[in-house]
């Protein structure tokens, strides 16, 4: 495991895990960060690559190297006009794919002056890029929320100051909900009167079953429900960086994407959505305020190209409140799902020292995910196609459901969680 | 000497000097930083180890690893209740000695989940830990001020941003008093009318004699006194990090402890005390204001677990005042004994480059201390017991005294500075 | 070229390029930073050396090691009095050449306690030091502006946060004027009604000719002028770090010096001057406000020994204004010649990655300068005298001039740009 982890935490250009992740569509930034054609370009770093995102005169998003091929000056100080960015130092110009379209001093050398450029698409108010080999570009992402009308989806991103894997593992490992998030579920106004909270409070002893499938893992958490039934909370991990949260009552469904900025930072994308109706004004207001799984930011950082650093962060001990902790209004002293996760995961160090960890039987979910990612990394090197590239394998949902005690949740899931259009959501 | 110094400045776990220092009781933090049972735990770093101090339900101080053995999350975000700290990530619980007392998911593995923990005692308003091998724990520290009633002692700590050794060497090397502290002695209201200051001003040419003893060094500084006598100022260095300052008149006695935070920072503990009476309200007010050998702090840093960074620090050139320097109200432009020492010692770099230093005959005191520390380090490696562990060897005092010119100060010291209860203090 | 650059960017003590640069007089700080005899000493770093500048009791500037030879304490906290700096730790004293003039504890060891000290001269309101071998000290610098009355010259310095070479290359490579500075020339009030600006706007296609001479390079930029003439803008690069800017109309002449602070920072000195008359009050006011080639500073940094960091700097994206950029009031969004240059040159990284650069034919000027510097470095190692040490070779001017189309600018320059006293300036 220790050897596996040394590989999995490295995602820079040329690294084995970096090559694997570059075979999938990568969420890069919010579409609203490059809102206008020919508007300001913004810097963005993904898997260690310093890139520049912009929208060209025709409204197409582009993601190119931040630096000019000539002398290495930043194109952030260039001009975005006439379908390209012109470097301010000597006037070289590049289009959305990084092709050089003008060298004023020597037009004949254009072709050899090209810079890195990645094809982009837009889904769910996000710009996604494909950063892998040109001939291997997959179909657009199949995760449900990326294929709904904008009205149905709310997306935010926040900086998390640790390796993407130790952040994602928090999304897979739902057993931690019973500790750091223990008193937090009561703080959400959309959780009022939700029946399932009673089951959770009455039975703190969750039993987990985990199932491997083509596109990832399904994690089943069992608690006592009614006398004849169990209450199952079903979580999904989808290759290579998606997690889906089991829903409560009428609350919007939720999920995350965990994308490496570099090996010591990641973007924690948080998504809420309804599959069959728009988010209400009240819901949207709640989410925009940074509640639920979202975050309020350090003022001025949630701007195009900004750091999107949470207001509660490691420099202020996540605004820890020892009085509230003593009064059991928060388990750890930190408020907010995201800040609670970040406080613990970032405290493990920018990259957790896996030499020191002592895994428990309850860590089976993250151990399986680590192994699957590593097998995919090794497989890619041996010429195998990465798992989960077919949109079909991403067509899964999370759920909360009461099932008769004798029923296998896996059997139920096969019928109900690989969804098609119009299929109902299971939540209580 | 250069080779010796390479060893002496390194005190992390496993380092030869680190192993020596871990054989003594280590001042860790103020008792007031963990004032209440089950109150907030605080982070503290000692000799490169990231630790957590807390007071359990029974009021006992504990010092344990900051990080959970399971996934490495910080226990700073845990809950201090029911005689232990519970990790907020997955609920593992640890007592004041680092023993794991609960693993909710797998109670059977408790024993192998233990983390580092060090036994603690409290003396002089400070928490002290023993960080060495379990079977080698020495008797509690014998230094005088650590064994007086709280009413007789005032203790403060401040961050010094350099290696502990170059800070401690300033405490041993009293010849620097004639320069950087030259005009400072006049600034202390408790020095008014003190006879000894006349001797110091009249005779700037101090002559030093140094004597090695079981527990450290005694340094004798000779100046002309009355026609028939010498005025002797006698300083003590006690293994491995204590220094005692010669007193003036009725002024409280003073001393320091120099404890490595890591190799580039140390805690400078400053102590004032009377051996036979409480500090007066006026004295205590003076010391609490950061005067004498104490320091005012950057506001907000003198809180539990805070940095205790002096207001005058390297980022503001120690509030240097060139006008006051020109007017000879301060020798170097910096005010305050501590800031004067810190400004020079920190300016030598986080770890002084000993390849570059050119020692003078007047450096004999620090050379002897370095050699004694190094011999103890080598001796420990060869199975010898470190010096100065017996409290008796720490029963020494500093003094200021007029002696007939023909009298040997060493003879006098043997009779008067290895003290017992009720022995008088020699100060003028 | 890549191998050459690895050598050229390193200027610390003992480095080949560092040894070359140390053969020339080095601008160190403003004379006004050490205005008074026995006034406050200031820290200054040049080519990686941490130094202390001060003016002694007789008014002579001194440049010595910042650190005492004894224990390594900073002499910044020493006393500047009686023709030397006395260390505040143990009282050692040093004169302007670093000779030790007092060791209170051991006068007999004075000689072996000397520290580094460099001879200084003052020209153009600047202190210059000679940091090379004692027997190789050259004649004072011959560049024109360093030999004019103070009334004729205005000098400022600013921190540039990149290697000196990539800063200097901007001064040699005038082709970038057509891009980042494109709209800036119109913003200078002293450019109003200048005829040459019409030529520049009408002919954007500059053609360069470059000529090597004993002391550096002359760069000729040709544009169409009147029907029968060309408008030539003639730039000078003088060994090892001087550049001269072609003048406009009655505007003061301009130039720069690019001096390494360390390998990742440099001082960009900016000079304006008239060769035959004082700067007017209006001109001086304009320059002191940080206009033209000068910079406004982060408040509080333009003080003796300060950082002289420009107000527009990399931490604030050089105060980029995307609206002004869109409105074509600034090409890159950044305002001010210096900030425009710094924004691009600093964006290339503290030391440009020369492995990545792809030079164009239009980079011939900087390629020639790189090769000449490298040849001089290699030559020095082989015992050759560095070029451009004779003041005569520095007696060159920049110019802007209309010449008949058939006339060779090189022929013209030989007669008109190697100037003597009273020779006219060519500017239009």
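A few points about this structure:
When the chains are written out, they are named A, B and C in that same order, and each has its own residue count from 1.
We take it that contacts are C-beta pairs under 8 Å (C-beta built on N, C-alpha and C of every residue); 3 or more make two chains touch, one makes a residue touch a chain.
The model shown is predicted, which means the values in this text are computed figures rather than measured ones.
Homomeric contact subunit A/subunit B: same residue numbering on both sides for under half of the interface positions. When the CA atoms of subunit A are superposed on those of subunit C, the rotation angle is 120 degrees to the nearest 5. Subunit A and subunit B have CA centres that are 49 Å apart. The residues of subunit A never reach two or more other chains; the list is empty.
If you check the complex, the residues on subunit A that touch subunit C are 39-40, 67, 69-74, 76-79, 86-91, 103-106, 109, 112-113. Remark: subunit C residues 175-176, 178-180, 317-318, 320, 322, 325, 331-334, 340, 343-345, 347-349, 352-353, 356-362 touch subunit A in the complex.
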